[in-house]
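You will see two complexes here that share subunit A, one where it goes with subunit B and one where it goes with subunit C.
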Partner chain A sequence: MLSSPTVRTSLIFTAIAVVSLVFADIAVTSANPWKDLGRFFLGIITPDFFSTEGLATALLRTVAFAFVGVALGSVGGFLLALAYRAYPVRIFCAFIRAIHELFWALIFLQFFGFHPLTGVLAIAIPYAGIFAKVYSEILEEADPEPGRLLPPGTGVISAFLFARIPDCWVQMRTYTAYRLECGLRSSAILGFVGLPTLGFYLESAFSQGHYSDAGAMLILFYVLIATLPLWVKPKLLPVYILGAPFFLGEGMPIVWGNVTRFFTQDIVPSPLKNEEGWAGMGSWLGELFVDQALPGIWNTVILTQIALVATGIIALLAFPLISTHFGGPARRTGGHVFLVILRSTPEYILAYILLQLWGPSMLPAVVALALHNGGIIGHLIGRQSSSIALRPDAPSGLDRYTYELVPRIYRSFLAFLFYRWEIIMRETAILGILGIYTLGFYVDSAIQNIQFDKAMVLILITASLNIGVDILGRFIRRKLALQTMPTC
Partner chain B sequence: MALNFIRKLALTSLLFFTASTTVYAQTFVFTAIPDEDETKLVERFRGVADYLSEELDADVRYIPVKSYAAAVSAFRNNQVQLAWFGGLSGVQARSLVPGSEAIAQGEEDQAFFNYFIAHKSTDLERADTLTDDLRGKTFTFGSKGSTSGRLIPEYHIRNIFGEAPEDVFERVGFSGNHTRTLRLVESGTYDVGAINYKVWEKELEDGNINTDDVKIIWKTPAYPNYQWSIRGDVDQNYGEGFTDRVRKALLALDDPELLESFPRSAFVPASNSDYEPIRSVAKDIGIID
Partner chain C sequence: MSGFDLTGLTASFGGERVIGPLSLSIREGDRVALVGRSGAGKSTLISLIHQQVKGQSSLVPQNLGLVNALPVFHNVYMGRLDEHATWYNTLTLIRPFAKDTRDVKALLAELAMPEKIWIPAASLSGGQRQRIAVARALYRNSDLLLADEPISALDGPMAHLVMKLLKERFRTSVIALHDVELALAYCTRIVGIQDGQIALDEPSDKLTPADIMPLY
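Let's look at the complex of A and B:
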């Protein structure tokens, strides 16, 4: 068994996670974690839909920001996909998608302030980077045959539109619709930094212990996501996209001088601004690196590695819940609902909830990341396992799980896991805003201290780390010959 | 179909950008640092907005923000013209907006102080200073950008122990605001916390503190804190003498219910120089350059 490269890789990653556990800060620090958890679940089952003023508006804004952000992102991404062969375009796309929506929002908040553009761009920019990559992959895999059959002299654009696009259209549409769901999640969490979406009210309700209000918001959010296929129809899409911009709210007017100031002064490193020259720059960077970037990177990497393995464990445990090889339809429906809840709840919100309940340490973050990502992967491999045909005399129960199904889905399981490695790291960094000492903590501190120069350097470091892990993840997937479709 | 779709998208983005550059009426907007539970803040500052609208005969609006830095940025970016800042956020904001000034502070803000509070399980007793018994405990600040929740406690911790908070305590956190600091120490999530004395007294008065679980272990020396700060270009944009009218209105605020919601007994005149001590402490600690 050890000769199998997938097993070896799994064991190496598990070993890294175990070693990381030694260095990680894992603890339940609150005095009454179970009492609070009980109150939280009580709140969920006794939701109060009417006490939060503006909840309906917040839901509307959440949807509006998601539509406009994803629409702009997909147009931008499509245009970038056309030039994706160019190396600089690839680098550019990798870079913009390596920066989390919340970081983009924090950046735009500094000069656009509470203008709708802040939220729209925070979604559109990283999504454009992701769309560009996925669209270009879809376009590349299109069947070249129709193009060869075109009469000579057909223009490039016509050829592209009539021979290439039709072959990719369904796939692109499916993926874009899928991203819309991701967009709703992103839009909701933007509220945590002050945009008028669901997260704004969710944060207030949670931090004040109004669990019934919070429960109502979460339920509405799940319903919104679960009913997506019912209300997002291709025919209605233009209506939504045309209408959405009008429901973003007014926000505050943009003062363009602020934009200039941000780029020409705020983010210029302070030694350069104070004319201390490159010598001052060296010590400024050195200090920033030793005091903030290094501990941030260390904690981010440790937490990511633990969360990655925990995600794998949750996924492997969860997939039988929806697999047709185990249990009847009633249990499967239950399993589906459970997994939908896990994957519809953004890690950020899960981590926020658990932090409130268990107190600050890496534990809430690990559990949040593992539940959300494990829910997504569990859903995907569960669905895949249902399509496996077993022999009529195949063993049942635990033997069926360990000897029949897990070996058969293990490769695609690993493929999804390594695909999500970079996503987990991106989220890990952002969870720092909640007070766990990952890179996001230091970025947030710099912003709270109005030191945007430092914040920008730290965001760049975070982005580089993500790009590094993305490359490593792809390398491992290629080495192990694992193929996967993109998830978010 | 694809082309059609793209065309629609392009049109939408165009519409979006025109919609977003509409000219807005000259509303006078203010904000406040989110130092307490949001429900309380919204209630309190809507009252202030109504009061100011009437006194100034202008459209006055309050916008809630999620962080101290967001309040400072909104003030700096001229998206709000007036703000209820803490000592530190006020200093930060005014240094970023030339000509801006502190125009009023609470009577109590002239000599504000903090309490260090501890959970009963620590067995810490009230003393005249922070004692070595605190070493190895867990500790929470309020918000990262808070004067009474961060700056002053950090200053005293460094001063008394000669070390950074991370070295004195086993675990250092940022609760987010004073109400949360209270809740976290009361529930034992953190052993010790630093809290604004006004929030403590108000919560005590409202019966929201279980004094069996949490108690005061130290009272800090006094320092200047909260103030109303206004941008320097307000007269230019809202009419000559507008700043003075805002100042007068705030100083004349005597609605007991509104004052109680702050809670302050009255607003008194303030000036930028009142906050020099805060600036020098912030510089010492390295929070401002």
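Let's look at the complex of A and C:
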């Protein structure tokens, strides 16, 4: 067993997570965690759909921001995909997708304020980076033969439209539709920084202890995502995309003076602004690095490593719930519902809820990340395990799990896990906004203290860390010869 | 196009020479059948010729090169993308012009499949797909045909129909064929390829199937 590279890699990562646990701050600090949890679940089973008028508007805004953001992102991403061979374009895309939607929102809030453009761009920009990568991969894989057969002198655009796009179309459409689901989640959490989407109302319901309102919002959000294939039809898509901009709300008008000030003053490092020269710059950067960046990076990395392994454990435990090799149709349906809830709940919302119930520590973040990501991977490998045909006399129960299924799905399990490594890190950093000492905490504090220059440097550091982990994840996947498709 | 000379042709895969060095002179009006065992280098020779004439030919490659998601019409229309402006091609993608539809339909009628014009290429059988590739080459309307086993998936009568059409529409052609009878019936010159070299080059009226068999 130990000679297998996949097993060895798993053990190394588990060991790293165990060591990280020693340094991590894992505790339940609230006085009455179980009572609060009980009240929350009571709220979920006694949802109140009519208490706030804002609920319907919040859902509408959530959908509108998702549609406009994803539509702009896919158009931008498509254009970038055409130039994706150019190295600078690749770097640019890697960079804009390494910055989380909430960080983009925090940046735009500083100069566009609560204008709808803030929310739209916060989704569109990172999504454009992701679309560019995936679209270019799809276009790359298309059969080049039809293009080679075209008569010489065929225009570039004609050749592209006839020989390249048609065979990629279905795949690109499927991915874009899938991304729309992610867009709904992103749109919902933008409410946590004050945009008029679901997160805003969820936060206010929670802070006032209105658990039944919060329950109603969550249930409606699950219904919205679960019924996506029913109300998003190709024929209706133009209607939604053209109509959505009218439902973003008024927000606040943009003060252009703020925009200029942001770029010419706010983000200029303070030593340069105060003419302290490069020497001042050195000590400013050094101080920022030691006091904020390093502790932020340390906490982000250990939390990520613990969450990564916890995600893997949840995924391996959860996949039998929907696998056809275990249990009857009734149990499988239950499993599907459970996994849909896990993967539809953004980790940010899950972490927010758990943080309210258990008090501040790394524990709510680890559990939230593990449940959400484990739900996604569990769903994917569960579906894959169902397509495995077992011999008629295959063992049953635990033996079937350990001897027949896990060895067969383990490679793709690891592929998904390492693919999501970077995503988990991006989310870990952002969870700092909730008060866990990861990079997002330091970014958020810098913004609160109106030190946008520091916030920008910290965001750049976060982005570089994500890019680094992405490269490392890809290296490991290549080393172990693991292949996967993109997930979000 | 008035014939062409190919000299010193070579091709290698993974450091191993698969063809040549060989020279071949094709005169205008030649209808050449390339015969020989599979793996002898016929396909390589065809793609070498395609490169030498800089794409100025109607090509039917062995793997057809169809765009599976597009209907038959558009796959055939692609043979003349160079003749129209980009806006015209783009509109055609959304809604074809009546004249083009008529032309393509007439061509498909000759290949006995006019009713398939709006069916995506992906949902057709192997023989039908092969006829689309042939239709695209015919629609392309160049003087030279390069075809690699264009009738391998067609039954007897259909194979004769296609070979007859190709003979009528192209003055000059180079066709890789494994069916010796058809090669003798529809081509004017037989070129036999063996181990990447020309092992036989004779007018077809001087040959019988028995003369060609040693190549296999």
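By definition in this document, the second predicted complex is superposed on the first by the 488 of 488 C-alpha atoms of A that agree within 3 Å, B and C clash if a C-alpha of one lies under 4 Å from a C-alpha of the other, contacts with A are read in each partner's own complex, and residues count from 1 in each chain.
Operating definition for what follows: contacts are C-beta pairs under 8 Å (C-beta built on N, C-alpha and C of every residue); 3 or more make two chains touch, one makes a residue touch a chain.
Bear in mind that the values here come from a model prediction, so they are computed numbers and not experimental data.
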Touched partner set for A:Trp169, first subunit B, second subunit C, both or neither: both
First, second, both or neither for A:Leu242, with subunit B first and subunit C second: first
Which of subunit B and subunit C A:Leu161 touches, first, second, both or neither: both
Partner chain(s) touched by A:Thr260 [first = subunit B, second = subunit C, both, neither]: neither
Touch count on subunit A, higher of subunit B and subunit C: B
Which superposed partner A:Gln483 touches (first subunit B, second subunit C, both, neither): neither
Partner chain(s) touched by A:Phe192 [first = subunit B, second = subunit C, both, neither]: first
Contacts of A:Ser204 with subunit B and subunit C, given as first, second, both or neither: first
Which superposed partner A:Gln448 touches (first subunit B, second subunit C, both, neither): first
Residues of subunit A at both interfaces, subunit B in one complex, subunit C in the other: 161, 169
Subunit C residues within the subunit A interface of the complex: 54-56, 59, 61, 63-70, 74, 78-86, 89-90, 93, 136, 140, 142
Interfacial residue positions of subunit B with respect to subunit A in the complex: 1-3, 5-6, 8-13, 15-16, 19-21, 23-24, 29, 37-39, 63, 65-70, 72-74, 76-80, 92, 96, 119, 121, 138, 143-145, 171, 173-174, 176-177, 179-180, 183-184, 187-190, 287-289
Of all residues in subunit A, those that touch subunit B in their complex: 25, 29-32, 36, 68, 71-72, 74-75, 78, 109-111, 113-117, 120, 161, 165, 169, 192-194, 200, 203-204, 207-209, 238, 241-242, 244-246, 248, 250, 252-255, 258, 270, 359-360, 435, 444-445, 447-451
Subunit C-facing residues of subunit A, complex: 143, 145-146, 148-155, 157-159, 161-163, 166-167, 169-170
